[in-house]
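Chain IDs A, B, C, D, E and F follow the sequence of writing; residue 1 opens each chain.
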Amino acid sequence: MAESTPTLLVVSAHAGDFVWRAGGAIAAATMRGERAVVVCLSYGERGESASQWLQGKPLDEIKAIRRAEAEDAAAALGAEVEFLDLGDYPLIEAPEAIQKLVDVYRRAQPTVVLTHPLSDPYNGDHAAAARMALQARVLAQAIGVANSDGSFPTKDEIIGAPPVFFFEPHQPEQSDFKPNVLLDVTAAFPLKRKAMECLPAQKHMWEYYTQLAIRRGVQVKRNAGPNLGLPHETLGEAYMRYYPQVTDVLE
Amino acid sequence: MAESTPTLLVVSAHAGDFVWRAGGAIAAATMRGERAVVVCLSYGERGESASQWLQGKPLDEIKAIRRAEAEDAAAALGAEVEFLDLGDYPLIEAPEAIQKLVDVYRRAQPTVVLTHPLSDPYNGDHAAAARMALQARVLAQAIGVANSDGSFPTKDEIIGAPPVFFFEPHQPEQSDFKPNVLLDVTAAFPLKRKAMECLPAQKHMWEYYTQLAIRRGVQVKRNAGPNLGLPHETLGEAYMRYYPQVTDVLE
Amino acid sequence: MAESTPTLLVVSAHAGDFVWRAGGAIAAATMRGERAVVVCLSYGERGESASQWLQGKPLDEIKAIRRAEAEDAAAALGAEVEFLDLGDYPLIEAPEAIQKLVDVYRRAQPTVVLTHPLSDPYNGDHAAAARMALQARVLAQAIGVANSDGSFPTKDEIIGAPPVFFFEPHQPEQSDFKPNVLLDVTAAFPLKRKAMECLPAQKHMWEYYTQLAIRRGVQVKRNAGPNLGLPHETLGEAYMRYYPQVTDVLE
Amino acid sequence: MAESTPTLLVVSAHAGDFVWRAGGAIAAATMRGERAVVVCLSYGERGESASQWLQGKPLDEIKAIRRAEAEDAAAALGAEVEFLDLGDYPLIEAPEAIQKLVDVYRRAQPTVVLTHPLSDPYNGDHAAAARMALQARVLAQAIGVANSDGSFPTKDEIIGAPPVFFFEPHQPEQSDFKPNVLLDVTAAFPLKRKAMECLPAQKHMWEYYTQLAIRRGVQVKRNAGPNLGLPHETLGEAYMRYYPQVTDVLE
Amino acid sequence: MAESTPTLLVVSAHAGDFVWRAGGAIAAATMRGERAVVVCLSYGERGESASQWLQGKPLDEIKAIRRAEAEDAAAALGAEVEFLDLGDYPLIEAPEAIQKLVDVYRRAQPTVVLTHPLSDPYNGDHAAAARMALQARVLAQAIGVANSDGSFPTKDEIIGAPPVFFFEPHQPEQSDFKPNVLLDVTAAFPLKRKAMECLPAQKHMWEYYTQLAIRRGVQVKRNAGPNLGLPHETLGEAYMRYYPQVTDVLE
Amino acid sequence: MAESTPTLLVVSAHAGDFVWRAGGAIAAATMRGERAVVVCLSYGERGESASQWLQGKPLDEIKAIRRAEAEDAAAALGAEVEFLDLGDYPLIEAPEAIQKLVDVYRRAQPTVVLTHPLSDPYNGDHAAAARMALQARVLAQAIGVANSDGSFPTKDEIIGAPPVFFFEPHQPEQSDFKPNVLLDVTAAFPLKRKAMECLPAQKHMWEYYTQLAIRRGVQVKRNAGPNLGLPHETLGEAYMRYYPQVTDVLE
């Protein structure tokens, strides 16, 4: 893969988040021939695996199940995936964890970053993941920041200033999520659906997130105007751009 | 000019606003071969012509001076300009004025709209212009809204949903102006400078707005990252996108 | 109807708004034996009747069609409806219109008021309706404010301080709509669906708003907790309370 | 006490906070026969015991004094009280402390939670308490989260989704405290006054908080309207609801 | 009175507002030998004179009563007062009214301006007064803006850029009133109390606003620190500065 | 130096921040004969020393270089400087670090405090420094909080409630920096320029921050009004006051 391939880095608090919230953007990127790297900070083993706990499964087995599902879903999206196994409920914001993320950033050299928004009253792990993703991105830009094992010089190049987009939380208004980017994922949606179906324990979510894609698609059309020639059923995902857009054309 | 030429519509409260605040975006558009239409709601004859009033000039002469300057500046930018002569200080938000703007929208068929932000504690005319620009845009989309003379059917087609960008006010923080788009105007800046020099009464502003372009240019580079290969002296203009961006690529 | 019957007053900018956005709350009230009064400030004849304009129908016929539909929908919900015919696109905020609403408030003696939220970047009429509804509510409380024809004493009693709830706009996040009340409308939804089906020109919206009810219902359950014994498929509507809730129990 | 008794859980940073800020709500609950459990994260031994330090008392004695006062005040309100002794000034937000609170939540099975608001520029402990109270509530809902000693299965049931209300800080506007619930505590106020009088070191506060109750009571009446038949002197407490209210009646 | 005497201009929606909300600042100014000019936009004849309407008094008599009371209160504060009689409930924001205020500004040449905050969900007149006060201030700065009768040159000099302070509304948090200036009015308070007692119809407010002064005084002390040597009972008024403070010392 | 000398305390995340952002305020204070104490939490050795790292210098040498530069710059401003050497990129918010700052506060007895604003999406260290500066200020007020080595009684007196001002970040709008104080630093600017020139590695910043001073100076004049007799070229610095201003004159 050439050095100049655009690369999408997705920082996900739990093993399933990247599928529901950013599956369309990931599939769209890989369908364009770009690279997509997903990093799951935890497996969601405590906070998002209620059905397995009810069945009395032990912690290690639950983690293995969640990991296998996430690997399948990433494969369906054409993405690489890695796991930092930092623990969840709570996912603790800690310097060591951030430093590991710095390594990931430098290794992946992302041109675009996706993560959770900074506020979620229903799930503190999501906000912790966002804070760590943002801090690591700034640290990874500095030549003076060492590798996570303390060694120097850094194994990989420092990074540039990739734009960051927050993906949609479960209750957007309560999480102060005001989308400023609506992404058309019509062509990519079949892959997202396929990835969702890799998560059988949450079967009721498949339809829920398909309907959300329809609703965001209506907004894509409404904001693009009638003249854009979009297909009748446009499917969308909503994002919040964190840093200002840099461009040479207003459009 | 073919029907499909992109068209930039700039709604300016006074005769000079479009030069200082959006001259780079206008010149960049016309340099790409696009059409740019500036509509000045007033000449700025009362509120922004202090030196002429001090010289005791009559109202009509002041208006003529400001109009001529604006025409020269628009020409320097490669833009068309028209004047609604609605009066300033105060520029009054009124249904008739909005209706005239509806005609302008439908005649121009803009693909992008620029105007003032909705808040400016130092100049109520700017906010009034923004409110009217936004209302007219929505009305111009409706097939049931008549021409400004009440006739039907409408002389021109209804419009789509062009994106709206607010340009930078004089005191950005006080006007709740948080830019989410930084426009690289390096190549277009010589034309902007030429247009500024068409406004001789405000000679001290030439350098002021050149310095602002440098400062916004630093932010262009800072937000784009070191890898983008931008020239050493990048010049910028700051904008606030009002509606969410519609796109099929996150970048 | 006894003086003490609770009365819901719904102030709707256009003839259809109350159905999509508040139909569940209205039906729930009338199913409890309460009175519901809908006042449509306009018929939505210009801004929300595109298909009729495309068919070349004259203005009066369009207004009559919209009125008949709204009457049918109100009947389906068990509500009274009246029309102020103030014109739309734009619906103009004017003292005379507000004064007419004062009469409505005093005649209806509402115990609860529903209207649009104060911000909607896609439709200025909605915000204008909200501003008028709020102003009229305050004026109707004052014994010194005359009837709309200038006569004294007032034909009806002044009103108390009924709570005001904003119903959901089409693009909630863009309209700064952060719900602080989630209403369970499971039992009332069949009547809402029936009312929606009184609006045949917008058939594609029937399913859209049914899906929205499902999504808001998920949030009802999520915010109520697993212990509340809600039915599997709970349906909801989202509201924003404008004034603080007054209560003698925190719950 | 039956399983279904409503239970109020109050998370208080220091030993006295629950009295001044939520005494009315607590007394109202116990007067209705409900259970109220107060958990004091610290005794306020360093930051809110200036007079004892000036008298040269040792730390342990100060803690004992504050504890005894809080026990008396809780008894006056009819509430249970426990102390986590986490230290104050600063009260440090830490995973272990949050985990202890998870145990409290599961043991108490609250139907309503009261705590500090998330912002207080004058006292960082208050915000830290709020953050811990909110995190513990979410963790206590997850079956996969262990007891604070790491054992499994959990000693008590997981909890539902009790509503959370922030009580009033000392300088409400500076703490971004915009009340959306005004609680009528007229009947409960004598017990609150009695509880306040259990805190003799802050005698000047008795009258201060009585006056605040009068002022909030005026707002209770103002927001309830003249028709509600409230007593002449209504006494109130102000709260901010954190999650949306779930209801089947708008009122 | 010398040209350079500092002058306080108070723009009050109704005849009584300046007393309750800014009486301390006014008295403090006149006690320093400065000039204070109060302009009442209306008498509050419809919205704030319920007891007179209940007694069946005619409009003109009510206006005369309110005017006399306001004149007495202004005299007690050492202030001049004038009345624009623009009508209340609603007080309508209109170009002609604003133009009259422009004359007042130029005649008074204020060095400081006080008015209502821009938001008040309980009283639209207050926000309308604030909007007009702010617009008139900007217009009065422009040499090209004529006298209110259209004549030129302007009878009085244009004004500078006096700072604007919003005084406290009845329900501060609901009106987004976050004070950033706490004014010590201890010495001036006896005059404020005397002015309040000129308004006999609202006797219950005398004590209410005395208690508010005590509460704001506690905040004066809390924000000034223990070292400032303030008297035991400090009395305060709260303000919001609208434009940034200009200073050559940070303190 | 007498006990009553006003003292400015500046809490700076890195060794250079106080120069660019607050050099004018510091010089103005020392020129008035006041004391100024700068505390640098780190040397900026990792995050703000890219050119030294590129030259392959070791960590200790980089720290020594930055320290020497900061000492020179402080001397140019007439200020004392000390270094806590807490490390940067990331600067970690920790109880021990805060406790050391408590000692600094009590030793310095500041009458005014300057630090970074609470938000900076480009540099997490700045926000961490602000949070620690604010927490330490509150802790230093409490007689019950020990010295940082745990000993009692405290070596120095507790402090009062000095006002806190945030100085300007590099990208103000992105950092939610809305200045409410504009400081005239015209007379002090030559010293600030001299201090900037003590930082040779960032020579391109000298002109950048000189231009910023001009721009803020324009705002000083614009907000002060034409009558204030300010010099033609006024130079300024922008600040955000965190706590409300306490005053006995509105001006």
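Here is the rule we go by: contacts are C-beta pairs under 8 Å (C-beta built on N, C-alpha and C of every residue); 3 or more make two chains touch, one makes a residue touch a chain.
For clarity, every value in this text was computed on a predicted model and none was experimentally measured.
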{"item": "Shared chain contacts [chain D and chain F, defined touch]", "value": "A, E"}
{"item": "Chain at maximum distance from chain A, centres defined as averaged CA atoms", "value": "E"}
{"item": "Approximate Å spacing (C-alpha centroids) for the pair chain B, chain E", "value": "37"}
{"item": "Chain A-chain C separation of Cα centroids, rounded to whole Å", "value": "38"}
{"item": "Sites on chain C at which at least two other chains make contact", "value": "122, 174, 179, 219, 222, 238, 243-244"}
{"item": "Overall pattern in which the protein chains touch one another (line/ring/star/complete/other)", "value": "other"}
{"item": "Contacting chain pairs - touch in the sense defined above", "value": "A-B, A-C, A-D, A-F, B-C, B-E, B-F, C-D, C-E, D-E, D-F, E-F"}
{"item": "Chain F residues within the chain D interface of the complex", "value": "95, 98, 134-135, 138-139, 142-145, 242-244"}
{"item": "Chain C residues within the chain D interface of the complex", "value": "6, 8, 25, 28-29, 32, 111-112, 114, 159-163, 165, 179-185, 219-220, 222-228, 238-239, 241, 243-251"}
{"item": "Chain B residues within the chain F interface of the complex", "value": "122, 170-174, 176-179, 208, 211-212, 214-215, 218-219, 222, 238"}
{"item": "Residues of chain B that touch chain E when the two form their complex", "value": "45-47, 49-50, 53-54, 62, 89-90, 92, 121-124, 174"}
